[in-house]
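Think of it as A, B and C in the order they're written, each chain with its own count starting at 1.
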Amino acid sequence: MIRLDNLTKVFDTPKGAVTAADHITMEVPSGEICILLGPSGCGKTTTLKMVNRIIRPTSGKVFINGEDTTDLDTQELRRNIGYVIQQIGLFPNMTIEENITVVPKLLGWDKAKYKERARELMRMIALEPDAFLKRYPSELSGGQQQRIGVARALAADPPVMLMDEPFGAIDPINRAVIQDEFLKMQQELNKTIMFVSHDIDEAIKMGDRIAIFRAGNLEQYSRPDDLLANPKDDFVESFLGEDRALKRLNLVKVRDMASEDIGTVAPDEDLQTALSRMDDHGYPGSIMMVNDRHQPVGVIPRSVARTTRGYCRDHFDTLPAIAQLDDDLRKVASLMFAHDMTWLPCVDEEGRLCGQITQRAITHHLGSRYRVQQVETVAEV
Amino acid sequence: MDWIHYMVDNLDLLTSRTIEHIALVGVAVGIATLTGVPIGIAITKNERLAKAVLYVASIIVTVPSIALFGIMIPVLSLIGQGIGYLPAVIAVLLYSQLPIIRNTYTAIHNVDPALREAARGIGMSQNQRLQKVEIPLAVPVIMAGVRTAVVLNIGVMAIAAYIGAGGLGTFISRGISQSDPRQLILGAVAVSLLAIIVDYSLLALQKRLTPKGMERAAFAE
Amino acid sequence: MPVQNMKGALRLLLIVFVFVAGVWVQASGTLDELLFYLPDVQYLVVQHLWLTAISGGLAILVAIPLGIMLSRPSMVRFAESAMQVLNVGTTIPTLAVLALSMSFLGIGTVPAVFGLFVATLLPITRNTYAGLKGVSPALREAASGIGMAPIQRLFKVELPNALYVIFAGIRTALTINVGTVPLAFLIGAGGLGELIFTGIDLYDPLMMLAGAIPTALLAIAVDALVATTAFVAVPRGVNPSRA
């Protein structure tokens, strides 16, 4: 857990005092990722860097796991906080192994232990230890270097990590890959993480909570879904962008939305059965055909069922698209738009049909949050 | 090609003067490194001081060596050391300061701020940063400064033969005063070769001292 | 600004030192003896500057076109080896250059000027080449892209952007030149070396000082003069010292 208590930084500049962070009070619960988000110069980086005293606070306190860090030795404090920066900052004079083990060495671990730790970390970040440990940073790609940067920060297994736009300098494709890898690691590691970003999409993807900063003040601190559904003021709203409702699509999984109620036909049933089942379920266009393991194999269009006689196995169309339970709604919506469909069948990990998701359900889900809030707002007034 | 015969006949003399030359420059630049590197590191803490120190050092280098000797001899003769090794060694010491201090300062000063922040962020103390990151990164550049100083001062030491410091310049001074082209050419060729060979050897050393991962960065220019 | 204060303090210290030295020199009667050399000094300074002007001027006139030529794309095959030779050349001590010049051309002004010319030529050529090669490829591409002929590109884009580095070369070279002229006396060309070396031979401290002090001042003055010229002549946008 990281708790900031009235953390303030005032810089003396030739043009007078500038308050970079103004009485910031917030708490990041253990095991969560908190994204500090805002335009440049908003104080997010200053706030982050006050936690490990790269920037010394003017006033206020930082608590880590309930302990006031004010009186801790600076070096000691930093060695127990993982730190990742955008420029990566791998030491070019050291091998990858030396870079990763630099903190364990500072902490006085014995050789066998830190060597093993280096290999363990390399496996964690999906880089082959034997191929990479003896190489130098300049021999690695940007994405690989940043993975090493993350490994270095994790080396001494600190409970808390600070990340300053860690993936900002990596090209978009690799960035997405590293973000996914990092989230997967975090599921096992459960670190408490403060993460500076200026990219709203990254914040929504990575953050358990998002703190929006503006001109040294903490404007809003919420879970991403709340933030997108209910921005506190015009600034936050404009920062989130006019498509903020669409951004919420990222946050909802098919699993949370799928309706389990779905009618199907088997290949050896005839088309008349298919037609009547469509009518029973009220499907206007078509019905799914599944095999004996309940995996979808095609659709029977209503037009075919009405005009043709025979068995379903001889008259089905191929399925244009399927949603997995772990897909987010953004992908689902995209598939629907691409294939001009108003619904998609949903399958589980083994490819078995387990429900459907409709455009109607999606828009209803997105809209419901707004309706609730509007009602609440009216009630408060 | 008389000078080659002369060289063969006087190989012992050539050897001893070469050794003398190398020893004088080596000792003086060695001492200069011991003073210049700490000064270069120290002044990274204070930009004003850095500018002042570099300014003074650059003025010193501007003064021609023979003029420096001409000024030093009267002063040093007050303590009876006017002619000989001492003014030569002092001159080399002084001339070495600029390249060594400047390169040390520039190298440490130019260490990527991101590296410095990373080092701070993982909890290195100021001394640990200096030892583990900043100095290793600066070594090739400092070596380049030492190399510049050595090559420059091989030339200065040659001139110092005129104030009785010995070394290879003695061949040249005798060659001129005795109108003996053999000594003249031998001296000129020997001192030139010495400078070139030392330059290349120190370059090789500089490359070896460069941390492995940095060769590309250090020799890109 | 603080830096100016520091320099100011240093200058003040220097002035005080010079004043005290002056008082001592005056009191001990040394000044009169030094003044005895004044006519010699005047004559030799002029001679000294002539040697510098001729050898340095010729060197600039040859070195810059040479550097430009080597930097042209058509010369790329020879340029690197030529620069290697020049680099080796600059490591050769100036005394050796003069000695070699004398052993081929004999005694007098001509071998002296030639030796000085060679010693000055190398750094300027090297810097001209390095400066032009250092111009960002993007700038060159942009210049060609907007339709500049190679010669226009050279004069409008490459040379202005390389000027700072070229001037740095001229500054180094002329400072070396002024400092080497005293050695030219040894091969019979005159200059302030006459007082210094004769002073050393006769072990006459005053004579040494009469030669050495003007030589040192001359070198500092020439260095400052070139630095000032560079400061003024190099366009502000590409002049780090004016940034």
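One rule holds for everything that comes next: a contact is a pair of C-beta atoms (placed from the backbone, for glycine too) under 8 Å apart; a residue touches a chain by one contact, two chains touch by 3 or more.
Here is each chain with its UniProt name: A = Quaternary amine transport ATP-binding protein; B, C = ABC transporter permease.
Quick caveat: nothing in here was measured; it's all calculated off a predicted structure.
Colleague: Using CA atoms only, can you tell me which chain is the most central one in this structure?
Modeller: The most central chain, going by mean C-alpha position, is B.
Colleague: When I count C-beta pairs in contact, which pair ends up with more: B-C or A-B?
Modeller: Result: the pair with more contacts is B-C.
Colleague: Round to the nearest whole Å and give the separation of the Cα centres of subunit A and subunit C (ABC transporter permease).
Modeller: Each chain reduced to its C-alpha mean, subunit A and subunit C (ABC transporter permease) end up 63 Å apart.
Colleague: CA centre of subunit B (ABC transporter permease) versus CA centre of subunit C (ABC transporter permease): separation in Å?
Modeller: Result: the chain centres lie 20 Å from each other.
Colleague: Using mean CA coordinates as chain centres, what's the gap between subunit A and subunit B (ABC transporter permease) in Å?
Modeller: A distance of 57 Å separates the two centres.
Colleague: Can you tell me which positions in subunit B (ABC transporter permease) touch subunit C (ABC transporter permease) when the two form their complex?
Modeller: Touch list, subunit B (ABC transporter permease) to subunit C (ABC transporter permease): 47-49, 51-52, 55-56, 59, 62-71, 73-74, 77, 82-83, 151, 154-156, 158-159, 162-163, 169, 172-173, 175-176, 181, 184-185, 187-189, 191-192, 195-196, 199.
Colleague: Can you list the residues on subunit B (ABC transporter permease) that touch subunit A in the complex?
Modeller: It is residues 112, 114-115, 117-125, 128, 132-133, 136-137, 211-214, 216-217 of subunit B (ABC transporter permease) that touch subunit A.
Colleague: Where on subunit A does subunit B (ABC transporter permease) make contact in their complex?
Modeller: 52, 54, 74-81, 83, 85-95, 102-103, 106, 136-139, 152-153, 162
Colleague: In the complex formed with subunit B (ABC transporter permease), which residues of subunit C (ABC transporter permease) make contact?
Modeller: Touching subunit B (ABC transporter permease): residues 2-3, 5-7, 10, 88, 91-97, 99-100, 102-103, 175, 178-180, 182-183, 186-187, 193, 196-197, 199-200, 203, 205-206, 208-209, 211-213, 215-216, 219-220, 223 of subunit C (ABC transporter permease).
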